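Please go over the structures that come below.
The following pair of complexes shares a single chain, subunit A, combined with subunit B in the former and subunit C in the latter.
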Partner chain A sequence: MIRLLLDRIVTMAITLWVVFTITFFLVRFTPGGPFMEEKPIPDAIRRTIEAKFHMHDPLWKQYSRHLWNTACLDFGPSYKMEDYTVNEIIAEGFPVSASLGIFAMVFAIILGVTSGVVSAVRRYSAYDYGFMTVAILGIAVPNFVLGSLAIILFVFILGWFPAAGWGTLQQIILPAICLGLPFAGYIARLTRTGMLEVLNQDYIRTAYAKGLAPVNVIMKHALRGALLPVVSYLGPATAGILSGSLVLERIFVLPGMGSHFLEGAFQRDYVLVMGMVMVYTALVFVMNSLVDLSYAIIDPRIGSR
Partner chain B sequence: MSSKSIPGNISADDQARYEQLLAESSNIKGTSQWQDAMKRLRRDRAAMISFYFLIATCLSAIFAPVLPLQSPVVQNLNNQFKPPSRKPVSLIFFEAAKESKEELKQIGLVQKLREFNEEVVAIRDELKLASGDERKKLQTELNNKYEIDHPFFKVWNQPGWLTRQMIHIRLLVFGDYCIPSLCGTDELGRDVLSRVFWGSRVSLMAGIIATLVSLVIGVSYGAISGYYGGFVDAVMMRIVDILYSIPFIFIVIFVMTLISQEKVQAWIESYGLNQLTVFYLIIGLIYWLTMARVVRGQILSLKNEQFVDAARVVGADNFRIIFRHLVPNTMGIVIVYLTLTIPAVMRFEAFLSFLGVGVAPPDVSWGLLVNEGIRVITPVRIYWWLVLFPGLTLTLTLLALNFLGDGLRDALDPRMKNK
Partner chain C sequence: MNHQVRKLFPLVALAALLGALAYAVTFGTLPPAEFSFSNSDEVKTVDPAKASGEIENRVINGLFEGLLRSMPASDTPDENGMTAMEPQPGVSELPKISADGKTYTFPIRPAAKWSNGRNITAEDFVWSWRRTLHPETGSKYAYQLYYIQGAEAYNSASVEPYDSEKADSEKADSEKADSEKTDSNGRVEIELADRQDSLQPFPRGTIRRGLLTEIVKPPKPETAGLDEEAAKDELDLWRKKWSYIVDVKPTKDGKVDWDAKGTTEKFTTTEELAAGDLQHAMQVLPDFETTVGLAAPDSSTFVVTLKERTPFFHHLVAFYTLYPVNPECVIEHGTPKWTKAENIVSNGPYQMEFRRVRDRIRMKRNPHYWNAANVKFATVDALAVKSNTAALNMYLNDEVDWITEIPKVMVPELQKDPGYRAAPALITYFYRLNVTRVPLNNVKVRQALNAAIDKKQICERVTKAGETPARSLVPPGMLGYTIAPCGEYNPERARELLAEAGYPGGKGLPKIELLYNTNDNHRAIAEVITRQWQQNLGIRVELANVEWGVYLDRQQTLDYTVCRAGWIGDYPDPNTFLDMFVTGGGQNETGWGNPEYDGLIESAGKEADPKTRMEILHRAETILMEELPILPIYYYVSINMVRPEVTGFSNNILDRHPLHILNSPNAGKGTP
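Our next item is the complex of A and B:
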């Protein structure tokens, strides 16, 4: 277990370093620095800015200084937003994106697992076909199409939800559902496949034979084994939820990390974008590692390897 | 065959029986892996419907210029945000009238083309008589006429040579007739139906080019890693592991905004590429990881087979063994992953175009169309057709590709044989 943990930490450090290096040199080697504007700024101001950001130092010095600051979790001041450091912007956007993502994830797991179990237990029934068709649709429809159609239908035509803004439960429900639906589809399919495999095992027959109620057999004995593939899917799903929230934050105008990231990219605020890319990479990595660890806990055979 | 005699002292009865058996057996044909797969695929109705749908989509994308569509670029501010209608439309060319400066004159494109050709003929005639400086001047004028003033350039977005020929065919067959705005018009009065058709060219092209790039990289990387094994394999697969855990979407958004700078664009164009091509390549560059892993796994199980030893004995070098003997044997699984990579790549293109960092106007793609639609929607005016039609087309295409990929996977799976 500890070896696994150590291995993950080392890999994470390497990954973050690779991402840092890629983004750093992409910025430095594209013609036109971060301060290239459509209209030129006066020379004196340019010199001040360049001195402030140490742009006359040799490249390796800039690189190591920036790397050290990033390692200390100090991403520096934003190039374009006045009086904001990148850390402050991330701190502002993170709670919004996190709650959106958590809501979406919880929704996806509840809906996906339930419909997956029902489909597997009532195999080849109308439920099964219905759920699986919806799941395939949910996976195939791109989330921006889903989000756009949802906002037209439920917000503008039916008026059930507010169009934008952040803070109340009503404002979070629709984007969270749109964000979570494709993942619910995946989870439903994974659960169904897992359940079908487990339901054929001997221990399920034993459980039935000793007279347990079907609900107990399914919920206590079968589901535990069937959920393994679902748990391992949660790692990649986090990456998907993070990138999906870019789209939904844009459609529903939510002040999350995604909106700040896109805004930063459009404004060419390189410091902000670099910082955000690092944070996203770290988030995805931590989630993947957590999934690996929890996998080892759920299935004892894996931890002992 | 029938005259072949069977040796030994066999009775005539037996001989007849054997001959019959022989004749029967010669009629039995072995089925190859691919024939078998095709047979199974044909029985999969969802996959076959998807297959025909995709063929139709590709054909309509290739031959979009021949179809009687309205112009995808001409702006008509009298025609903004019109809901779907069946009112007939004809291909109109707007021209500032020479006498009164305010009024726009509308003439049919066929008429305009005729006038244009007459002008060209007039210049040609002058050219025949002219000489010296006069001749040079007329020659540049003629070139300008073709490269800049041609009416096609005002009605379509930078048509290439082949596209122009197809437009000629369209004008010959359909004249000025256009399909009515069945899908409505957008904020600049452009026909959505026609933009969906023209957008399909960019979207499908993205799918194909990016997938080919990922195919080349993934197959070579996986094959080399699997073939050499040992330390090389460990290092190469470690790199893939690390790349897997990088959320490339964010880096690509970052790179795309870098590329959209004017200076960078000039630098790219100095290499003879345009932004769109670079965009396709970048998508391809990040989608090869799964392919590499799959191919490596296949190569690992194949490389100890006897045919590899045989090839080595005859003197084939490593490169030849990998790409002539091993890679062709992985084609089945590669094709399955290929059909699953195409929708992933197309979805990614649409995603980036929707966010406004992918395909840039005047080019159109499905993702960009949805983006343009959602941008102008307000609670007061709901232009649902701007989002629904491009979104639906994209979804159907992705769905069809997924079904076809699943169908191919099942068809090429030997365990499914005779099921």
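Our next item is the complex of A and C:
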């Protein structure tokens, strides 16, 4: 177990360094720069600002300075949001994205597992066909389309939710549903397949034969085995929710990490983009490791190597 | 793995899930403000000295106030639905202006206070403007202060060694009063590198003041083969190697005795070079106190001395770059930390309650504001809604009271909405005509071209974002100014004019080339105009599109016949449009010139009476619109959507809408 953790930490450090290096050069070789504006700023002033951010130094010097600061978890002041450091922006954006992601994930798991179980138990019924059609739709329709449709339906026709913004619980629900729906679809399909496989096992038949109530059999005996593929899917799902939130945060005007990342890229705010990429990388890595770890716990066949 | 752990796992997972959910729920409790508006984008900074842009303007005008403030000149709009904006008393009463128009004396209002309750003093303004001009502040709009004596030199840190001949000739000029500040002539201030924080220009380190006697420069580097940026890098490196030899003057009670004998000291701005008697200095700047035209004779009198008469200076004073900041607050927290909601001290109708990046700035009424009794809303939200579709959704769904932009495609549909407010902006789209080329050297041909353009059609069918057809270079709606319109759309008259010019039915007229920079919008407009000219006048037109750099170059070198152009006014005064077309002016670019026009522009610059001045400028524009070296096409518009129950919102050319005079039934209701 300790070995596994150490192993993970070393791999993570290397991954972060590689991602850092690639991003660093990619953003700098993108055409345009942070201080090219529609209304040009006087040359001397632009150069003063650039000098403040060490932009006239040779690239290797910028790279090593930036790498060292990043290693110390200091991403520096944002180029464009002059009142903020990148750390502050991340600190403000993270809870928003986390909140959105948690709601989306919980929604996806609850809806996905329930509909998956129902579909498997009532195989080839109207429920089964209904749920699986919705699941396929959820997977197939891109979330910006889903977001726009949801706004038309729930905001303008039904009037249940506000159109955009951040501040009240009501404002999180709609984007969370749009974000979670595709994952609910995947989870439903995985659960259904897992369930169908388990329901044919001998021990389930034994449980029924013992005279246990069907609810008990399904919840206590069958579900455990059926959820293994779902757990392994949670790692990629987390990554998907993170990247999906880029789009939805923009549509619903949520001040999360996704909005900051996109705007940072558009405005060539190099340091902000770097900071965001680092946080995303670390996040995906940690979530995947957690999933691996829990997988090792729930499935005895998987050793703790 | 032991069985116990495995059994516990579902419970642990469930607990983690519930914990996460509980965490996620904690963020969702924010009551709405009494008034909220979509501010199009995140404010880059609320620091008046560093900000640039209209998005910042809306917030800074709520949080801060200058000596003067742009306010609607009247309660009722004119016949076009426009209200002129006029600089009106803010922190100061209206200034006293000297007879030569160069000295402005601002009496600071005794009731003016900072949000921490301290009185605002003239010294605060000297300090704030100095901070804006300080090269290390990196103020993008510092050039707004360049009309002030010595400001440009201070901002660009340009110092020259003392020249005794110059000093003698100035002394001989007995007309000059002692207090009058002149060219710095070697007077410098040197800040030693002993600051508390090397990245914060304020508080400053030890200051030495004296006469610069010599700058020792190594040989200038060769920059011929380098590209522009690399050459500038080289020159910057070279400048860093200069050493400054200064005759440091003795200081007594904070006053420098310039005539006393000083001590010679040597300075460098590069730390690595400092050694022995060569001291490391942060900056070598012109001496602020004696060379820049700002003074505070007492704490309620602020005196500004300009380089020359500047009739629109009061507009600049009402612009946020010249707003004050609280020196103690900036010094205590440093830049940018002082702008945080928990630190900031401001002086406007509102103060910052909290700020969430790319979400909102929540402002609350500032109880210390001198006019707080008339500020209607207790809380105002400036929302950073980047997508104008989302903003429109929020407006249509009653979540915001005012949006500052709408998606262009929605203009035709929203035009009928009672909340739709379109107003000409300070931007004109026009065509330049090269009057040095046949046939455009003939004024009748130019007038014919103008009369043959159906500008209304262009606005309604092509640009479709609510633009209004233009018949003048200067957009309507400026205080005290009436535009001088050119001829109307009249194909009949256009054909007559062309015939009078000697080209009946377009016969014998050489093919005209229409140049524009590559852009779909410009192309669409050019195509329509081409068609109109062909139909109405029977002339042949060829379109030529080139990329931006080439376009600028060809325009400048008069290598075109007809060329599209646009102009954004720098300040709400006709001069910013009209002085472009003086003979040989840098932005003229048409080859046109008229001595009478030049004379009028010059005399307007010297005229003290605003009314007479506007009349003179009107006469100048009349000439321009008669001779037509340019064809005005349309004025850009600013489009806002404002809830109909909101009052105090006026359409104006600056697209400025002071928050503290807005009102609605929601005001005073508190936040539920």
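Here is the rule we use: the second predicted complex is superposed on the first by the 268 of 305 C-alpha atoms of A that agree within 3 Å, B and C clash if a C-alpha of one lies under 4 Å from a C-alpha of the other, contacts with A are read in each partner's own complex, and residues count from 1 in each chain.
To be clear about the criterion, contacts are C-beta pairs under 8 Å (C-beta built on N, C-alpha and C of every residue); 3 or more make two chains touch, one makes a residue touch a chain.
For clarity, every value in this text was computed on a predicted model and none was experimentally measured.
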Which superposed partner A:L59 touches (first subunit B, second subunit C, both, neither): neither
Subunit B versus subunit C as contact partner of A:M276, first or second or both or neither: first
Partner chain in contact with A:I251 - subunit B first, subunit C second, else both or neither: both
Partner chain(s) touched by A:A213 [first = subunit B, second = subunit C, both, neither]: neither
Touched partner set for A:A163, first subunit B, second subunit C, both or neither: both
Contacts of A:L73 with subunit B and subunit C, given as first, second, both or neither: neither
Touched partner set for A:V19, first subunit B, second subunit C, both or neither: first
First (subunit B), second (subunit C), both or neither touched by A:P95: second
Contacts of A:T11 with subunit B and subunit C, given as first, second, both or neither: first
Subunit B and subunit C contact sites that coincide on subunit A, given as residue numbers: 151, 155-156, 163, 250-251
Contacting residues of subunit C [partner subunit A, same complex]: 1, 5-6, 9, 13, 17, 20-21, 23-25, 27-30, 32, 42, 44-47, 50, 52, 135-136, 138-140, 142-143, 156, 232-233, 236, 336, 339-340, 356-359, 383-387, 390, 393-394, 396-397, 399, 568
Residues of subunit A that touch subunit C when the two form their complex: 37, 39, 41-45, 47-49, 51-52, 56, 77, 80-84, 88-89, 92-93, 95-96, 98-100, 102-103, 106, 109, 151, 155-156, 162-172, 250-255, 259-260, 263, 294, 296-298, 300, 304
Touching residues on subunit A, where the partner in the complex is subunit B: 11-12, 14-15, 18-19, 22-23, 26-27, 30-32, 36, 136-137, 139-142, 144-145, 148-149, 151-152, 155-157, 163, 239, 242-243, 246-247, 250-251, 261-262, 265-266, 268, 273-274, 276-277, 280-281, 284-285, 288
Partner subunit A, residues of subunit B touching it in the complex: 241-242, 245-247, 249-251, 253-258, 261, 263-264, 267, 343, 347, 350-351, 354-357, 367, 370-371, 373-374, 377, 379, 382, 384, 387-388, 391, 394-395, 398-399, 402
